[in-house]
Amino acid sequence: MAFSIIGYDTLQAWQETVETADELLAFRRDAGVTWINIDGPGSAAAIDRLAEVYDIHPLTVEDILNAEQRPKVEEFDEYLFVCLKAIRLDADGELAFAQVGLVIRENTVISFRTGDAAGDSFEALRRRILGNGGRVRRMGADYLAYALMDQVVDEYFSTLEYIGAGIEEFEDRAAEESDSKFIADIQKVRQQLLRVRRAIWPLRDSLSFIIRMDNPLLHDELDPFFKDLYENVMQAAETLDVYRELVAGVMEVNLSAVSNRMNKVMKVLTIISTLFIPLTFIVGVYGMNFQYMPELRFRYAYPLTWALMLVIAGGMLIYFKRRDWF
Amino acid sequence: MAFSIIGYDTLQAWQETVETADELLAFRRDAGVTWINIDGPGSAAAIDRLAEVYDIHPLTVEDILNAEQRPKVEEFDEYLFVCLKAIRLDADGELAFAQVGLVIRENTVISFRTGDAAGDSFEALRRRILGNGGRVRRMGADYLAYALMDQVVDEYFSTLEYIGAGIEEFEDRAAEESDSKFIADIQKVRQQLLRVRRAIWPLRDSLSFIIRMDNPLLHDELDPFFKDLYENVMQAAETLDVYRELVAGVMEVNLSAVSNRMNKVMKVLTIISTLFIPLTFIVGVYGMNFQYMPELRFRYAYPLTWALMLVIAGGMLIYFKRRDWF
Amino acid sequence: MAFSIIGYDTLQAWQETVETADELLAFRRDAGVTWINIDGPGSAAAIDRLAEVYDIHPLTVEDILNAEQRPKVEEFDEYLFVCLKAIRLDADGELAFAQVGLVIRENTVISFRTGDAAGDSFEALRRRILGNGGRVRRMGADYLAYALMDQVVDEYFSTLEYIGAGIEEFEDRAAEESDSKFIADIQKVRQQLLRVRRAIWPLRDSLSFIIRMDNPLLHDELDPFFKDLYENVMQAAETLDVYRELVAGVMEVNLSAVSNRMNKVMKVLTIISTLFIPLTFIVGVYGMNFQYMPELRFRYAYPLTWALMLVIAGGMLIYFKRRDWF
Amino acid sequence: MAFSIIGYDTLQAWQETVETADELLAFRRDAGVTWINIDGPGSAAAIDRLAEVYDIHPLTVEDILNAEQRPKVEEFDEYLFVCLKAIRLDADGELAFAQVGLVIRENTVISFRTGDAAGDSFEALRRRILGNGGRVRRMGADYLAYALMDQVVDEYFSTLEYIGAGIEEFEDRAAEESDSKFIADIQKVRQQLLRVRRAIWPLRDSLSFIIRMDNPLLHDELDPFFKDLYENVMQAAETLDVYRELVAGVMEVNLSAVSNRMNKVMKVLTIISTLFIPLTFIVGVYGMNFQYMPELRFRYAYPLTWALMLVIAGGMLIYFKRRDWF
Amino acid sequence: MAFSIIGYDTLQAWQETVETADELLAFRRDAGVTWINIDGPGSAAAIDRLAEVYDIHPLTVEDILNAEQRPKVEEFDEYLFVCLKAIRLDADGELAFAQVGLVIRENTVISFRTGDAAGDSFEALRRRILGNGGRVRRMGADYLAYALMDQVVDEYFSTLEYIGAGIEEFEDRAAEESDSKFIADIQKVRQQLLRVRRAIWPLRDSLSFIIRMDNPLLHDELDPFFKDLYENVMQAAETLDVYRELVAGVMEVNLSAVSNRMNKVMKVLTIISTLFIPLTFIVGVYGMNFQYMPELRFRYAYPLTWALMLVIAGGMLIYFKRRDWF
C-alpha cells in the first residue's frame, strides 16, 4: 500500500511516496499544508497504523473501510471527517461510484479514495499544487479539503448531463417506441437517478452542517466557498428531481402513444371486418338452396345484388367517416 | 463591452456609457446612487477587472459568468450578491431565460444580465429614474436593487398568464382530442412548468433570507418592500402548483375521453358483427347441399327464413338496447 | 365612491355615509371604535387620498387595489394589514370570490371588499353593532377585526358543505355513469377545490402569525378568539384535503366501473360470435359442391348435423359457464 | 339534563347526580378531585349556566356545543380545555364518532360527551374510582384527565384492528373479485380511514402541545403519562398510514387481476375465432358454383380438404402454443 | 423466569443466572457494569418485582410487556428507557420481529427481548465481554447500551439485503411474467417494506433525540458512537425508500409488459381474421345460386378468382407491413 504525500506552502511544493504509515511521521510539519492520499482499498492493518499515527477515532477507521458508507460529516476533537461519493461514468456509460473520505486536521488533509469509479479526480488539483500554484498554495488545509470536495462535486454535473442527454433521447423516442423494452430501459434510468440521488442528497445536509458549524479547523474566509459548494450540490439535487419528473413524463407519453397506436390498428381492422360482415350475409342469402326463391331466377338479380352490396358498403363507409372513426 | 452607468440623487440624474472597467472609477461617488448595468455575456477579462475595481469576490465573478447559476443571495463584507432568473416569452411563445446578477454596495448597484430572453426588463425603470423620478430617486441603492428585482418578478406573472391561457385551451380540447400528440403537447407544458419552477422556487428561499437577515446594506424601511416581493414570488410559486394540478387533470380527462370514444366505436362495430353472425349461420344452414332437407322444398321456406332472421335481429337489438349497450 | 362609517362604544352606536376621504377626518375619534367600510372597487384616487388621511403605506394601497392579492398579514408602524378572501356561491352554484382587506388601527378598522362574490357578508355584524350590541360593542377595534374575519371564515363552511354535497352526489353516480362528461364534471370540482384551497391555505399561515406576534394593536384577551379562528381555518383546510381524496376515489370507482361495464359487454358479444363461428364452419362444409361427399346422400345427415351443432354449442356454453365467463 | 358527579381523594369516593348546574355549587371542594360528567347533547342554557358557575370562556362553550369541533387543546387562565374524538363501532360495524370535551381545573374535571358513538367509554374508570381505587385515587385532577383521554385513545386501537381485519379480508379476495362493487367497497374503507385520520391526526399536535407547555394545572409527574399517550396516538396514526398503503395495494392487485382475467377470456375467444376463419374460407371456396372447378370432380377431394383443414388448424394451434398464447 | 447477569470491569468479567428479581439485589455493585438480560416474555409479576427493585416507572413496565410498543426513548429521573425492534429472517425467509427494551442506569443495563424473531442477537457481544474484552470492557453502561443497539441495527442490513435480492429477482422477471400472481407477490414485498419501515423510522427520531439530549447517563465520549448509529439507521431508512421506488418500478414494467404482450397477440389474431374476411366474401359471392351469373360459366373464372384473392390478401399484407402493424 502506498501513501502519496504532497507538501506545500506559498513558496514551494514537493511530492513523495512512502510505503508504511510510520514513514509518514518524518513528513509531519507544523507549517504549510501536507496532503496524504491513499488510493484503492487499503489494508485494514495499514490504515489502523495510520489511525494511531494521526490519532484517528476507531469509528472513522470503520467508516473509511466500509465502502457503503453514507455521505456525512463528523467533528472530532482533533479533526473533521468528511465522507462523500464520487460518481464517474465508465467506458460503457454505466455509473461507477467511488468513496472519498477526508480527514481534515490543522495543517494536514488525509484523503482516502476507494471504489469502482476509474480514474483519479484529484490529478488536476495535484498538478495545480505542484505547478505554479494559484489560490490553493496561498491557503490552508481547509481550502485543500474544499478543493478536493469541489472536484468531486464538479464531476456530478458531467454525470448529470450524460443522464440528461439520455433522457432527452428517450423523450424524442417516447411517441414512437412501442416495445415494452423501452419502459424497461426508462426504468433503468430511474434506478440510476435513485442511485445518484442517494449519493448526493445526504451531502446537502453535510454541507449545510459544515456551513453552520463553528469549528476552528475551518476558517471564516472559507465560508463563501462552502456556501458555493452547497449551492452546487443543491443545484445537482434539483436537477435530479427535474429528471425524475421528465422520466415520469416520458413514460406517460410512451404509454399513451402505445395505447393510441394499438387502438388505431384495432379500429381499422375492426372496420374492415364490419364492412364485410353484412355483405357476406347477403351473398349467403343467395347461396341458399330453397326451391322457391324468386330472386334467383330474376334476370338482373346478380348485378342488382352487387349494386345493393356496394350501396351498403358505401353507406357504412360514409357513416364511419362522418363519425370520424377512421 | 459596454458599461451603462446611471447616477442619481433626489435632485438630478445622468446617464453615461463607458467601454472599460477602469473608466468606471471616474464615476465613483460617495453620495447618491450609481447603477452600472452590463448587458449580454461580458468578456471574462473585463469582468475580472470590474471585480478588482469594485472588490468583488472571485466566487461572485464565477457565479456571474456561469449562465446556469441557481438563484441565490450571498452576503460578503462589502456587498450583497443576488442572482435571479428573468423569464420572457420569445416571438414563438417559447420560454426564454435570462440571468440577472446584482451586486449591491453601499451606494452602488451593479447589474449583470445575460441569456436568451430578449428585450430589456430594466428599460422602464431607467426611464423612470432619468425622467421625473418618483420614489426610486428619493431612496438608496437598496431600493434600486429592490426595484430591479421587482421588475424581474413582475415579468413572471405575464409568463404564468400565458402558460395559464395555454392550459385553459388544453382544458377545452381535452375531451375532444384523441391524438397522442395532445399528450406530448401537454408534456411540453409540464416541462415548461418545471423549468419556471426551477427559476422561481429558490428565489423564495433567497427572499426569505433577505427578509430575515440583518445587513446594514438593506435599510429597515425596505422591509415591507421585500416582504411584498416575497409574497409575489409565493403567489407565483402557488400558481405554478395549481397549474401542475390542472395539467394533471387535463391529462386524466383526455385519457378518459380517448378511451371512452374508442370504447364506443369498438362497441358499435362489435354489435354490428354480432347481429349478423347468427344470420349468416342461418343462411349457411340452407346453403347446405344435403339431399334430404325437407325445408328446402317447402313453398314458404324462403320468406319464413327472412322472417326468422328479422325476428332474431330485432330481438337482439331490443336486448342490446334494453341493456343500454348502444 | 361611498365610505360607510359606523362608530360605537359601549353606550351608543351611529352610522354615517360620506363621499370623500377628506370628510372622514370629521369622524375621527380617540375613544370608541370607528369602522369604515368601502364596498366595490374604489377609484384609485379616492383610496390614495384615504391612504394619506390614515397614513397607509403605498404597498398596502397596491395590495388593496390588486384584486388577485394573496391572503396575508403585514405589520406596519401604525397599523396591521390583513388580506383574506371571501367565498360565496352565486345563483348558479358557481364559486365567487371577493377580496377583503382590513386596516386595523388603534381604534379604527377600515375594511375594503371587492370582487365577484355578491351580497354583503358584513350586514349581520352591522346590524348587531347598531342594534342591542352584545360583545362587539364592549370590545375594541381588534375584536371588530376578528369579528369581520370570523364572518368571512364562517362562510367558508357553507361553501364547503355545498361542494361536499356535490361530491356525495358524484359518489352515488360514480358506479353508474359511463360518459366521459362525468370525469370532466369531477375535474371541475377538483378545480373548485384548488381555487378554494388557494384562498384558504395562506390564511392559515397568516392567522398563525397573528397568534404568535406581539403587537400592541391586538390585546391579549383576543388570543383565544384568534386561536379559535385558526382552528376553524385548519378544519376548513383539512376538509378540503379530505374532499380531494374523495374526488380521487370517485374517479377511481368511475374508471373501474366504466371499464368493467365495457368489458362485460365485449365479453358477451365475443361469446356470441365465438359460439356461431364453429357452427358456421360446419354448415359451410356441407355447402361444398364436391361430387363425392358421402354424407350429402345419407338420409339422416341433416338432422344429425343439427344435433352435432347443438352439442357443440351446448358444450361451449357449458365450458364458458364453468369458467365463469358470463 | 343530568350532571353526574364523582368526588374522591385517597381515602374515600362518592357519587351523586344533580339536575341543574346551580346544585353543583354545593359539591365544590378545595381538596380531593371532583369529576362532573355530562352525557348526551346538553341544553345550551344548562351549559351556559354551568359555564357561569365554573368561569368557562364563551368560546369553550361554543366548542362544547359544536359537535363538529376539531380535536384541540386550549389554555385559559383558570382551566385547560381539551377536545378529542371517541371512535366506536356500532352494531353494524359502522364507525360512530363521539366528541369528548374536557375542562381541567385545579381540582375539578368536567367532561362532556356527545355524538353517535353508543356506550360509555368511562364506565370502567368510574368503577375503578368508586371501587378499591388504585393509582387514580392517589393522584390529582390532571391524572383523571389523562385517564379519561387514555380511555378514549385505547378505543382507537380496537377500531383500527377491526378495519385492519377488514383490509386483510379484502387482500384475500383482491385477486378473485372482478365486480366493480369490490372497488366501491374498498373506497368505503378508504373513506373510513379518512374519517378516523381526521379524528386522530389533530390529537397528535394537541398532545405534543400538552407535553411542551408549562401549565401549573398539569404537574411534572404527569409528563411520562402524556408522553406515553402521545406515543400511542402516533402509533395509531402510523397504523392508519400503513392501512392506506395496504388499501392502495389491494386496489392495484384487484385492477391487475380483473384486467388479466378479462384478457385471458378475450384471448381464448379470439383464438377460437381465428382458428375457424381460414377453415370457413376453404369450405367457402368449394361452395362456389363455377362450372369449371376441377377439384369438385376429383374423387378424393372431400377427404383431402378435411385433411388440409386439420393440418391448418393443427399448425395454427402449434404456432399459438409455441408462442405461449394460451 | 431466568435473569441472566453479566458483570464486568476493565479487569474481570463474570456471568450468573438467577431465578427471581430479589436475588438480583445481591449482584448490585457501585463500580463496574452489570448487564441483566431477560429473554422471552417474562411473567408480569416477575417484571413488576424487578421494577420495584430497580425503581422502574409503571409506564416503562407497561411498555416492556406490550409486544407492539413503538420504538422510542424516554428519560426518567434514574434511568433512560429505549425500546427498539429487532428484525430477523426465519427459516422460510419470512420477517420475524422481536422487541428489545433497554433500561439504562448509572452502571447497570437491563435488557428485555421478546417476540417471534428466533436466535439471540446478543450472543456475540456476550462472548466478547466474557472473553478478552476489547473496548466494551473499558467503558461504562452507556457503551454497553450502545453496543446492544448497534447489534440490533446491524441485523437490519442483512434483512434489507435479503429483501433487496428479492426485488432484483422481481426486476429480472418483471418483463416476462404475465400472471396476476406476480403483482400479488410484489405487493407482499411492499407489505414487508411497510412493516420494516414501521420498525426503523421511529428509531431515527429516537436516536436523534438521544444525540441532542443532555443526560448525565450518556457520557460525552459516547456521542460519536450514537451519531454513527444514527447514520446507520438513516442509511437503512433511505435504502427502504429506494426499495419502495424499485418495487413501484417493477410493477410499472410488469403492467406495461403484460399489456404489450396481450396487445401483440390480439393484433396478430385480428390481422389473421381481417385477411380472410374479404376472401370469404368473394367465395360467398360465387356460391350464390342466381341463374344468370355470367362468371360462373366462364372457363377461367375459378383460377382467376384465386388470383384475385391472392392479390387482395397480398395487398393487405403489404399494407399492414408498411404500416408496421406486425
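Each chain carries a letter (A, B, C, D and E) given by its place in the written order, and its residues are counted from 1.
Quick note on the criterion: a residue touches a chain if its C-beta (ideal position, glycine included) is under 8 Å from a C-beta of that chain, and two chains touch if they have at least 3 such contacts.
Everything quoted here is computed from the prediction, not taken from an experiment.
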Shared chain contacts [chain C and chain E, defined touch]: D
Third chains touching both chain D and chain C: none
Centroid distance [mean C-alpha coordinates] between chain D and chain B, Å: 41
Euclidean distance of C-alpha centroids - chain A vs chain E, Å: 25
Multi-partner residues of chain A (at least 2 other chains): 266, 270, 273, 277, 280, 284, 287-289, 293
Residue numbers on chain E that touch chain A, as the complex places them: 135, 174-175, 224-225, 227-228, 231, 234-235, 238, 242, 245-246, 249, 252-253, 256-257, 260-261, 263, 266-267, 270-271, 273-274, 277-278, 280-281, 284-285, 287-293, 323, 325
Residue ranges of chain B touching chain A (in the complex, touch as defined): 57-59, 62-63, 68, 70, 72, 74, 76, 178-181, 183-184, 187, 190-191, 194, 198, 202, 251, 255, 258, 262, 265-266, 269-270, 272-273, 276-277, 279-280, 283-284, 286-289, 293, 295-297, 299-302, 305
